[in-house]
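Each structure below is given as structure tokens.
The following pair of complexes shares a single chain, chain A, combined with chain B in the former and chain C in the latter.
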Partner chain A sequence: MLKEKLQKFFKLDRRWIFLLLAIVLFAPIIKPIGLPNKTISRDVQNAYTYMDTLAPGSFVLFSLDYDPSTRPELQPQAIAMIRHAFQKNLRVGVVTYIAGATGLIQQAFEKVPKEYNKVYGKDYVIFPYMANAVAVLTQMSSDFYGIYDKDQDGTDARTLPVMQGIKNYKNMALVVNITGTSMLDIWVAYVGDKYKVPVIGGVTAISQPGYGPYLQTGQLKGLIGGMKGAAEYESLIKQPGKGTSGIDSLNLAHLLVLALILTSNIILLIIKYL
Partner chain B sequence: MKLIKKQIPLAIVFVFGVLTLISYYIPHKKSVDFMEMMNKWENIVAAFAFFLGLISLFYSHYSKIARKVDGWGYSLFVYIGFLAMVVPAIYCHGKQMDAAGKTALGWSFSFIYNPLSATMFAILAFYIVSTAYRSFRIKSLQAFVLFVAAFILILGKVPLGQIIWTSVLGWTGAGVDQVIDWIMSYPAVAGKRGIMIGIAIGAVVTSFKIIFGIERQYMGKD
Partner chain C sequence: MSETWMIAGAWIAAGLTIFLFSFLYKDNPFFKIAEHLYLGAGMGWWFQVYVYNILGPKVWTPLVVNHDWMVLIPAVLGISLVTQFIPKISWISRYGFTFLMGYGSGLAIPASLSTDFINQIGGTIKPLSMMASMTPFAIFNSLLIAFGVVCVLFYFFFSVEHKGHVKTVSNIGIYFLMIYFGAAFGNTVMARFSLLYGRFDDLYTFSDKHYFYASQLIMLAMVVYFLVHNFMGKDKKEVTEDEAAG
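For the complex of A and B:
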């Protein structure tokens, strides 16, 4: 009798689980719990330290390769790192190889530069979307302007003050790639390793474990993973943003997954030995 | 005919495959210039491939609408979605912002593309949670090990999990961060490195097979 009752749990309509998840995700947005983010992971700390020790005026190339599907995890990472770069008075160049990223880049740069009184063309520049990343990355190794001769507004890139002294990767202090695709592997293989350019990555939480080998060998100087990584970086630069505010929902959703797996397996054990 | 359809393409692949491979290892201006030229060609060919892909997509959905197959209404949205982004993009010369604020393209990106793309991905979360409940069964030792590793990783990734770990397992002296670091630095890296080496060797072998004309599937059936 009990066995039959328990078996009903496995036939539970999936829409109840959907509803439970929706509640778990929405409740903290309406009423934040405000749990503190106590720990900073080693890889996020390394990313922060590397960026923090760059000399003012160094050129950092941001490759922002994500679209709205991974925006909640990756846009906070990008904003936190751009803020850090501006705090340190670094020069910022932005490229992308994902067409859907152009609007998100626009949204990020509408707001962040104003916070630090940064001027387009002098302190930062945004380049247009390019297809075929491997070919573009290879081309940039010899002559950056062979591919990016104009910025997103059609201005000659060579004439922009922010680009003074930049010809190829040798003149760049750091490449930051934030991506929801395999672009980080391409940056490491075609640029980081071959031209000895330091690379820092920002990826979704689900793909974070796959970059362990690059971190161990120093091919990546640091890595930010998912919304938690964004929240950690925000706490390091002391500017809470969307990463920090999203942590509550993340907390409860993760625990819900664990609770569901545990529940189903405990029920399975009871049925087996009953 | 055999010369045009087989031998010339194979010769082109061989010559340019070998030249590109050699250029990678020769730091000379000539090889750099050659690589630059190849990159430009590749971009031009990719643009044509993109255009062909678009025509193929439109044709495939047009035939679905014309034959009124099941779900043909969804095919209409391919055209609607395309026009909703492309027409504003042409009209605004690709600019999402101007002095007056958001352009029509900026509006389409923010209020059509952005929410649609985010919704598609967000739906996955619901299916993952539902599948975790219905399908993750610990029926073997391997499944148990996987579960323990996943349990610790999920717990350690969120502050609430870290608090739970400290209050339940704090007496062990091992922080959840240390345990996660160990899992990520040893078993996870070992597995991932093995996969990466395997993929790299496979890619090298396949490339050689294509260069030397052993692998010819890219040429089609004729």
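For the complex of A and C:
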């Protein structure tokens, strides 16, 4: 009798699980619970420390290579790192090799520089989208302006105060690549390793485990993974953003998955052995 | 961007998201509309990216405005790839492909060998030579990584029959691989939840009165559609059953 009742569990319409998951993810958006995000991973801490120890005025090149499909994970990472760069009075240059990133870059830079009174052209610059990343990255090693002679508005890049003293990778203190593609591999192989430029990565949670070997060898100075990584970086710079607010939902959703896995396994064991 | 466009954008974004999610309940025409729009809009968007970001600044302007005739060489090589679609002259495309292969291999092979092969071997061995200055945990970690690398390599070494000690080592390699796949799958689940959270967060934003309650109204319209559709579907089913019985 009990077994028959329990068997029904496995015939449960999966749409109920979808609904439950939707409620669990949506509820904290309406009413945040404020679950703590206490652990800071070593790789995020390393990324933060590296950026934090750069001298004011150093030039950091942000390669923001993600499109709306990975925005929830990567945009909070980008915003947190840009905020940190502005906090430290670093000069910021932005490039992209993903056409879909241009709108997201614009969205981020409409808001963040104003928080720190940063001026376009003096403190930061945005370059237009370029196709064929490998060719562009290789060319930039000898002459940055051979590729980026103009900024996104068509202004001569050489005349911008933010670009003073920047000719190639040797003049850059750090490259930050936030990407939902394999761009980070390209930055490590064609720039980081070849020209000894420090590279920090920000990737989706799916890609995160694959970059472990680059961290072990020091080819990456730090790595931010997924929304959790963004939340960790936000807590390090003490500016909660979309990453932190997503932690409630992620925690609850993971608890739901764990509960479902445990419940179904216990039921299966009862059916099999009782 | 004007306020009206922002509101229109919110309605379109909320509508398309809800239409696509409605498939989780069941297939419906709204899902099909969103699916086809995605494909069509995506193609159109890529077309304008190629025209305005590549063809214009990289080919048209240098040739027509700056009279830089050197651009003709890569342009012709690029166009040669299109001859693939015309069988009689498809042989011309080989020149473009030859260039791509040569250029791509020349750039990629040394970089990959250095980054993913030599550096990784070095990274695995180097800690073993620095044990005197390492903590016991770091020593254990380095040995575990080196042991794991050897076991996994044995698993992918097919020139020796996997039996006896070789089988034991390659079996251990499977466990290392499974741990990696487990971690990767766990992270994949987290990534998917993050993406879903992102859409829900947007839907919540668009549910504000500033956007004229876009999310709620579209959701309500979808619920009404499904109710009406189910109700009418039942009627049709009953008629068919009656006809069959008659």
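Assume the second predicted complex is superposed on the first by the 273 of 274 C-alpha atoms of A that agree within 3 Å, B and C clash if a C-alpha of one lies under 4 Å from a C-alpha of the other, contacts with A are read in each partner's own complex, and residues count from 1 in each chain.
The working rule: contacts are C-beta pairs under 8 Å (C-beta built on N, C-alpha and C of every residue); 3 or more make two chains touch, one makes a residue touch a chain.
Owing to the predicted nature of the structure, the values given are computational and were not obtained by experimental measurement.
Asks: Could you tell me whether chain B and chain C fit or clash when both sit on chain A in the superposition?
Replies: Once both complexes are aligned on chain A, chain B and chain C clash.
Asks: Touch check for A:Gly57: first (chain B), second (chain C), both, or neither?
Replies: neither
Asks: Quick check for you: in the superposed arrangement, does A:Thr138 touch first (chain B), second (chain C), both or neither?
Replies: After superposing on A, A:Thr138 lies in contact with both chain B and chain C.
Asks: Tell me the contact category for A:Arg42 with respect to chain B and chain C: first, second, both or neither.
Replies: A:Arg42 sits against chain B, while chain C stays out of touch.
Asks: One more residue to check, A:His254. First (chain B), second (chain C), both or neither?
Replies: Both partners, chain B and chain C.
Asks: Is A:Gln106 contacted by the first partner chain B, the second partner chain C, both or neither?
Replies: first
Asks: For A:Tyr190, select first, second, both or neither according to whether it touches chain B, chain C, the two together, or no partner.
Replies: A:Tyr190 contacts chain C only, not chain B.
Asks: Thinking of the overlay built on chain A, is A:Phe18 touched by chain B (first), by chain C (second), by both, or by neither?
Replies: In the superposition, A:Phe18 touches chain B and chain C alike.
Asks: Under the stated touch criterion, which partner chain does A:Gly210 make contact with: chain B (first), chain C (second), both, or neither?
Replies: both
Asks: Of the two partner chains, chain B (first) and chain C (second), which one does A:Asp67 touch, if any: first, second, both, or neither?
Replies: first
Asks: Give the stretch of chain B that clashes with chain C in the superposition, choosing among 56-64, 74-82 or 128-136.
Replies: Looking at 56-64, 74-82 or 128-136, the stretch of chain B that collides with chain C is 74-82.
Asks: Which residues form the common part of the chain A surface touched by chain B and by chain C?
Replies: 18, 21-22, 69-72, 128, 130-131, 138, 205, 209-210, 213, 216, 226, 228, 250, 253-254, 257
Asks: For the complex, which residues does chain A have touching chain B?
Replies: Residue list for chain A touching chain B: 10, 12, 14, 17-18, 21-22, 35-39, 41-42, 67-72, 100, 102-103, 106-107, 110, 128, 130-132, 135-136, 138-139, 142-143, 146, 205, 209-210, 212-213, 216, 226, 228, 247, 250-258, 260-261, 263-265, 268.
Asks: Using the touch definition up top, name the residues of chain C that touch chain A in the complex.
Replies: Its residues touching chain A are 24-25, 46, 49, 53-54, 58, 104, 107-108, 111-112, 114-116, 119-120, 122-123, 126, 145, 180, 183-184, 187-191, 193-201, 204.
Asks: Going by the contact rule at the top, pick out the chain B residues touching chain A in the complex.
Replies: Interface residues on chain B, with respect to chain A: 32, 35-36, 38-40, 42-43, 46-47, 50, 94, 96-97, 106, 109-110, 113-115, 117-118, 120-121, 125-126, 128-130, 132-134, 136-138, 147, 151, 153-155, 157-163, 177, 181, 184-185, 188-189, 192-193, 196.
Asks: Which of the residues in chain A end up touching chain C in this complex?
Replies: Chain A residues touching chain C: 15, 18, 21-22, 25-26, 29-30, 69-73, 99, 128-131, 134, 138, 185, 188-190, 193-194, 204-206, 208-210, 213, 216-219, 225-228, 242, 245-246, 249-250, 253-254, 257.
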